[in-house]
Every structure is written in structure tokens, then in C-alpha cells.
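What follows is a pair of complexes built around chain A, which joins chain B in one and chain C in the other.
On to the complex of A and B.
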């Protein structure tokens, strides 16, 4: 019975993932320039190496910022009585359900030279000339963090509401300061949630395309943007496929690393 | 409950059968060709001026798709699954497509039986359908009444201060840099790549944004992200009509051709070529120019255009005189290598 239940999904998976994946493998290893051209190009291209490192850096910093901002917010929501938690979760979900493209464009209205932020700064007399916010690292980070923050909060809230609050209370009763109780009891218990959120955030930011393309400059090009450039402007599918494989390998490596940090039974809310 | 369900099923089955009958009936009468173009507001004009009358006249339906993409054409040819019967194409893409054998030869006895088109528009694998130009656009309200006049002014951030916008591509930007550096328009090719990149180094810091789409070009100017940038000539007249403080200069513009081509493996090549023929009607051509200043070589078209409108066309003699002719052969050959260098230059 069990294999039968999984059959439709496996079929979909085979058609829409395995087949294209094998094709990508084939293109990247046997492009028009002969075997290994895709790989050779990657090794020899200074552009790829720089963009790859930039993408990793961007994904890491966005992940960290989302965790730092999302953790306290998730704590707060998880600490609310169940009746009120729904309202707060709705506030998180509302932007989450809004199109990424729309949210990205909205940032350009806020950050533009004639945008909301510059208008306010000039009105307040803080600056007389419009400052440049668009096409900077700040803009890319703001856009990506705002888009991914709900993912962080929702993942963390999921784990935190599963926790046994009695344990923290027990620590306090036994004389631990609030800080000590948090640091030695609460935080370790939420570690699986932090790791799960970090993994999701990192993987999602690795593949980001629209936000860096619209809010960033050429220095914020990500692997996804570079793949687009190879396919649409340089007509080089070999290089594009090879890059897609590297992106996939990086994702798998990240998942493996996190799995090693936190065994699977502790992930996905199985904290108790 | 069961009865209702059974009756519903019956109704559904009947309805389905009727729909299928209708579908096959319609299909037996005529074919529908898929025409791929740039989309946007231009697609609406084309539907009104050419596609609807063409369907009324011939019974051949026209389904418009967008955008123009060489990558998509390649994918369709490679997989043998050709969706398009006709597609628009840029000059360098055209050469690439011909080289790779992705196109069907045009049957000129269908498209232009009386041989009225000038030779430049009649090519083996394509018909020139329009001309356009990449030109400098600038904000008329930002330089205290002064107006830039050339690529040298584009580079001159002292006299014309403010952020610039250029396309994220070496194509044409290398030419523009050389023009700014004083290379005469007729001596551009083969490009002095080193000199071009050296000149581009000077402006790089002042380029706030590197656009990738036509919509972005004008957005950047209207939002004030850039006070000067490159645009396709047809993007600015509608803004001027709305009263936006923008204008273009023709001096140093890149005059280019765009084509109609029938992809290899297209399902209805004959019908597609009949549609191409309908694009040669000069009266319809004049109508289209009201919406979009990208004239083709339809015989008799230019004679019918209102002189005021003619002034904003890329092929008006005054405008042709100050532009340079873009060389798609050069770019077809050097684009991969130069694009790679461009990407590295942007990152450095």
C-alpha cells in the first residue's frame, strides 16, 4: 500500500526532475565544445568564481540577519496564548503571500533617489542631496531579508510552540536568572529550529534571482543571474548547465553539513 | 444523491462531446498561426491594425506570443517542438540563427510577389520588418536648460552631472565609448576593444544602473535614478506625450534592423508568409507608426507619413546622417568573448 501512495509523486518527480536533471548533466559534460567544456569553463572563468563567492557571501549574510531578526519575533509569537497567536501569524503570512516581484518593486519606490526614504531624509533636513540607496548591497539585503523573514519566523515558531515550557519554568524555580534559563535551557531546545530555518534560508537565498537583478548592481550578480546571462545573452547552455550543477552541489553540501550538525530526528519540530 | 450525480455526469459528457465537436469543426475550417514578437503595447497595436483584419480576410487565426528570445528558439529547434510559426529577431540573433540552420527559407513569391521591397529588406531567411535605434535619452529638467548633444557629453559628468544608465551588455556600449573618445562613426569596426574598455572605465563609477529590459530603460529616467541613459527610440515619444521631462538625441545612435523569420519546423510556414505579406500594406504601416515609431521598408510607406511624425523616425534622413550603422556580423562573431570580458569588467 505504502509504495502505491507515493507513486503519483514519484512519477511527477521522475518526469519533472530526474529527466531534466539527467539532460542538464549531459549538456554540461558533453557540450558543443566536446566533453568537459562546461567544467573547464567554470574552472577557467574568473567571473564564475567571483559571482559564486558573492552568492555564497550574500546567502550567508541574509541567513544570519533573518535569524537574528526572526528569532526574537518568533519567541514573542510562540509565547502568546493560542487565541492571539493566529493574529500575529497572519501578520507574518500576509507579506509572505504577496508576490516576490511586487515586494521587490516596492523597495525601489522606497529606496529610489526620488523615493520615500530620500524624500523623508531631505524633509527632515538630514541631507540636502538625494542619497544613493538603490543598486547597493543595502538594497539587496533589505529586499531579500524582507522576503525571507517570514520563512525564518514560521519555521522557528513551529519549533518553539512544540517546546515544553515547563522546563524553562523549572529552571527559573530552581534559581536560574531569566538570562541563564534562556541561554542554558530555551536556546538549546530551539537549536533544531534554528538549524532548520538556517538551512531553508540559505538554500532559498542561494537561488535568488529577481531581487538582486532589480535592486542590486553588477557586483550583486548571483549565480542565478549568471545562468540567465549565459542562456539568454551568450547562448551557452553548456556553461549554464555546469553552473546549475554547481548550485545544486552547493545546496546538497549545505544540507549535508546541517544534517551532520543536527541529526534528522531533531529536525522539523521533533524537539521533544 | 446518486441520481443527481448520474444526471450531472450525463450532462458533463454531453457538454464535453459538444465542445469537442465545436473544436474539431473550427480546426477543420482554418489554422491558427503563432506569431512571436516583443509584446507590450506594441502587441495591442499589431492586433488591431494587422492581425484582426488578416483573420477576417483569410480565416487564418493569429495567436501572439512574447518575448523575442534566441534561447527559446534554440530550445524549440533542439526539442523538435516548434511553437512559433513566425518570430521577430534582432540582427545579431538573425545571423546566429542562420549559422545554426534554425530558420526556413522565405518564399518571396508569397511574401512579395511583385518584387517591391528593396534588396536590404529581402533576405534569404528573413524580411526586415522595422528599423530602430538605441539612442541617448536625458532628463530635460536636470541640466538647467542645457541639453547634451553627443556621447562626449554623456561622459562629461562635470557639465552634465548626475547618475547614468547603460545596458548590461558590451553590445553598442563599446561603440558608444569609442564615439565618446572621438572615433568617427564610419571607422568604428572592427572595434578597438582596449580603447573602448579604457574609456568605459572613466564613466563606470557614474553609471548607477545597468538595465536589461526595455521597461527598465525609461523607468530609470522617470524615477530619477538616472539623468541620462540609453533607450530604444520608440520608448520616449509616449512619455513626452504624457508630459514627462525627457527627450532623446539622435547623434551617435545605433541604427539597427529587426526581422521577421519563419523558424525551421514551423507548422504553418505558408500561412506565416501570407501574414508577413500583410505587413507590407503602407496604409496599415502609417497607422502603426502613430503608435510605434519603428518603420519598416513597406513600399510607399515613407511617402505617406506625416512630415512631423517622420522627424521622430530612425530612418528620417536627418537622423540617419548622425547615427552609425550597427554591425551585427561583428557582434555575432565576437559576442561570447566580449560578453565574458564585460561581465568580468563589471565585477572588477
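On to the complex of A and C.
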């Protein structure tokens, strides 16, 4: 009975998920002549290495910003009585479940030359000329943080609501200042949540395509954008496959690190 | 720093974060009702002009209905495949169930562009591109994990003795599933269905690679963004946001109803 129940999933995933990966491997290792396979050839390409490092850097800084912004917000939600927590979580979930494309598009309207931000700055007399916000690292960061911040908050709240608040109270009773109680008791207790959220955000940031393409422009490409460029403009499937393989390997390494660092129950809590 | 001040500071911080998260969505609404051809803020005159274009212009309304149609097909497939495999994984202790679960939720972690590229290259060779069937099945791969996550979580929380009681009282496996398990799973299945629908309805990257000339709403918006800024995009975006809000509302109601039922059952027991 059980194999029969799982058969449709296995069939679908075999044809639409596993075989496409095999195809990526096959094409990428078909290589650029001789002993050079796609991946080694790629690693000697300065453009790719630059984009690869940019993608890592972007993922890292977005992750850090989300954690710093999200942690106090998660503390606030976790500190509410359970009956009211749902309402506050809903406020975070609302943007989470709306289209990434729509949210990115709105940022382009806010940050554009005639956009809301420039109009406000000019109206306030801060600048007289419209400033350039689009196609800057600032725009990409704003867009990605807005998209990923709910993931950070949901994961952190999941861990914070599970821990024993009595321990913090005990520290206070025993004479610790609020700051000391937070720094030596609360923060270390939330560490699994912080690690889980950080890795999850990092993994998700690595594959971003829409936001860098719309808000970052040609100078702020990620690997995902470069893959698209190789396929749709350069028509170079070998390079695209090799890039996809590198992106996938980086993701798998991050997932493996995550599984090693965090107990599984703290993981998929809030992940989209 | 007294705890009171800390609480207030956290509250202010939370409000600022919610403002940051919601503001881009709220900002869209007035723009979509703007009469002008230029997306200026605040609007000078109000009108439903762009909504009229969205629902009457063949290229826009066609894309909208196509997205809804694909979304519904993907949802039906995902619910059927996802619920069946959740049962196999949680209830029937299939050998390698952990591995199967890992595979089933892998599309949530693997970057969309990698999945899209692999499908594109394989289906180009098989000449499967530009087919509605291919697009629906491709979307199902990224939609089905949501159903599996939500339904298997519900199954794990469900008390198996109730099912066993039904079996002891003479119900066959099918009857006990239909009369006992399925009603208890209904909220989770409904929530999973909503998530699956939006995974398909919002998808851009896979559609971009495998759809060819088939233009879904996100693809229509994407193609438009690369050409010019048509205010119809704002109206289309508002419709997409409104649909997600309704969907999220349904999923949330279903989920909390399920929790309530679970709680009363536990209280009764």
C-alpha cells in the first residue's frame, strides 16, 4: 500500500527534479574541451569568480541585517501572551505570502527617479536634485531584506516561545541586571534559533534572481542572474550548467552545515 | 533601563518593522487607482482605468485567467500527490521514509534557477517546452512540498488510536481513512492547497525557462517591466496581493479551526 501511495510523487520527482539535475551534471562536465570540465573552467573565469564572491557577500550581509532587525521584533512577539501572538505573527506573515515579484516591483516605484523617496526628500528640502537609488547595492539590500525578514522573525519566534522563561526570571531574582540576564541567559538560549535563521536566510539568499535583476541592474548580478544571462543571451549551456552546479554545491554545503549545527526540530518551523 | 522601557522600545521597534514590511504593499493601492499614464505619487485623479485594462485587454486578462487555471490544476495535483505521500511517509512507515521526505521538500531549498535550468535543458532535448502540461507538472514540483510539510505535520499530531479504534470497530482501511483520518486532516489539506496555489500563481523563474510563449500573469508583468512602466502592472500587482491575502486568510482560518478541534478533542479525551 505505502509504495503505491508514494509512487506518483516519486515518478513526478524523477522526471521533473532528478533527471534535470543529471542533465545539468552531464552538460556541465561535457566541458570546454580536453580534460577541462565545466566547473574547473569556470573557476578560472575572473567574471564568474567576481559574481560568485558578490553573491556570497550579498547573502551574508542580507542575513546579518535580517538578524539584527528581526531579533528585537521576534523578542517582542515572543513576549506577548499566547492569545495575542497570532495577531502579531499575522502582520509578519501578510507580506511573507505576497508575491516576491510584486514586492520587488513596488520597491522600484519607491526608489525610482520620480519615486516616493525622491519626491519626499525634495519636498523636505533635503536634496534639490533626484538622487539615484535604483541599481545600487542599497536597493538590492532593501528588496531582499523586506522579502527575507519574515523568515528570520518566524524562525526566531519559534525558538523563543519554546524556551523556559523561568530561567531569565531566576537570573533576575539572583541579582542580574536586565542587560546581564539578557546577555548571559536569554541570548545564549536563543542561539539555536539564531544559527538556524542565519543559515536558512543565507541559503535562500544565494539563489535570488528577481530582486537583483530588477533593483540591482547589470553591475550587481548574482549567480542566478548570470545563469539566466548565459542561457538566454549567450546561449552557453555549458557555462550555465557549471554555474548551476557551483550554486547547488554551495547551497548543499550550507544545508549540511545547518543540519550539523542545529537540531532538526528548530529548522523548518517558519521556512517558506 | 527598566523592563518597562525595554518593553516599550521593543514595541516601537516591532511597529517600525511591520511598517517596513507592509508599506510597499499599501503603497501600491493608491497607485493602481491613479488616472494618469505616469506612476506618480500622490495620484492627481482617481479612476478604475487600469483595472478595466487588466480585465478587458486580452493579453492581461488572458494571462490572469491562465495563471488561475494553472494554479487550480497544480493545486489539485499537489493535494492528491502530497497527501498520498504524506500518508506513505508518516503512517505506513515506508522504508527510507526520511530520505523520501528530504527529497520531497528539497525544492524548497534548492534555488529555483537551478531547477528551472535543469528542466529547460532536459525538456529542450525532449521537445517538451511550451506545453501547458509541462508547465503544470513543473509548478507541481515546487508546490507539492508545501502540502507534504503541512499534511505530514498534521498527521504526526493526529492520535493514531482513533484510526485504530475505527479499524477495531470493523471499518476497512478505506472507510476508516474517509471517515476518520480525512476529516481530521481537512484543515491541513486546505492550508496546503492554498500554499500550493500561490507557489504556482507567483512563480516566475520556472515559468520563465519552460513556458516559452505561454504567458502567465507574473511573466506578463515581468515582460512589461523590461519594456516600459505600464500602470496596469500596479493594478495586476494589487489583484495578486488581494488574492494572497484572501488565500492566507482561508489557510489561517483552516489552521486555527484545526488547532481548535485538536484541542477540544484532547480536552474531551
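Of note:
Basically, the second predicted complex is superposed on the first by the 230 of 272 C-alpha atoms of A that agree within 3 Å, B and C clash if a C-alpha of one lies under 4 Å from a C-alpha of the other, contacts with A are read in each partner's own complex, and residues count from 1 in each chain.
Throughout what follows, contacts are C-beta pairs under 8 Å (C-beta built on N, C-alpha and C of every residue); 3 or more make two chains touch, one makes a residue touch a chain.
As the structure is a prediction and not an experimental result, all values here were calculated from the model.
For the composite obtained by superposing both complexes on chain A, the positions of chain B and chain C are in clash.
Contacts of A:231 after superposition: both chain B and chain C are touched.
When the shared chain is aligned, no partner comes close enough to touch A:124: not chain B, not chain C.
When both complexes are overlaid on chain A, the residue A:132 reaches chain B alone and has no touch with chain C. Judged by the touch definition given at the top, the superposed model places A:217 against chain B, while chain C stays out of reach. Of the two partner chains placed by superposition, only chain C is touched by A:103; chain B is not. When the two complexes are overlaid on their common chain A, residue A:82 makes contact with neither chain B nor chain C.
More chain A residues lie in contact with C than with the other chain of the pair chain B and chain C. By the document's definition of touching, both partners, chain B and chain C, reach A:114. By the touch criterion defined above, A:24 reaches chain C but does not reach chain B. In the superposition on chain A, the residues of chain A touched by chain B in one structure and by chain C in the other are 108, 114-115, 231, 237.
Residue ranges of chain A in contact with chain C, taken from their complex: 1-3, 5-6, 8-10, 12-13, 15-17, 19-21, 23-24, 27, 69-70, 72-73, 75-77, 79, 86, 88, 90-95, 97-103, 105-110, 114-116, 119, 146, 149-150, 153, 178-179, 203, 206-207, 209-210, 214, 223-224, 227-228, 231, 237, 240-241, 244, 247-248, 251, 255, 268, 271-272.
Every residue of chain B that touches chain A in the complex is listed here, in rising order: 69-71, 74, 96, 163, 168-169, 208-210, 212, 223-225, 335-336, 339-340, 343-344, 346-347. Listed in rising order, the residues of chain C touching chain A in the complex are 1-3, 6-7, 9-11, 13-14, 17-18, 20-22, 24-25, 27-28, 31, 38-41, 80-82, 84-85, 87-89, 92-94, 100, 103-115, 117-122, 125, 137-138, 140-141, 144, 148-149, 173, 198, 201-202, 204-205, 208-209, 218, 221-222, 225, 233-234, 237, 240-241, 244-245, 247-248, 252, 256. For chain A in complex with chain B, the touching residues are 45-47, 50-51, 108, 112-115, 130, 132, 134-135, 213, 217-219, 221, 226, 229, 231-237.
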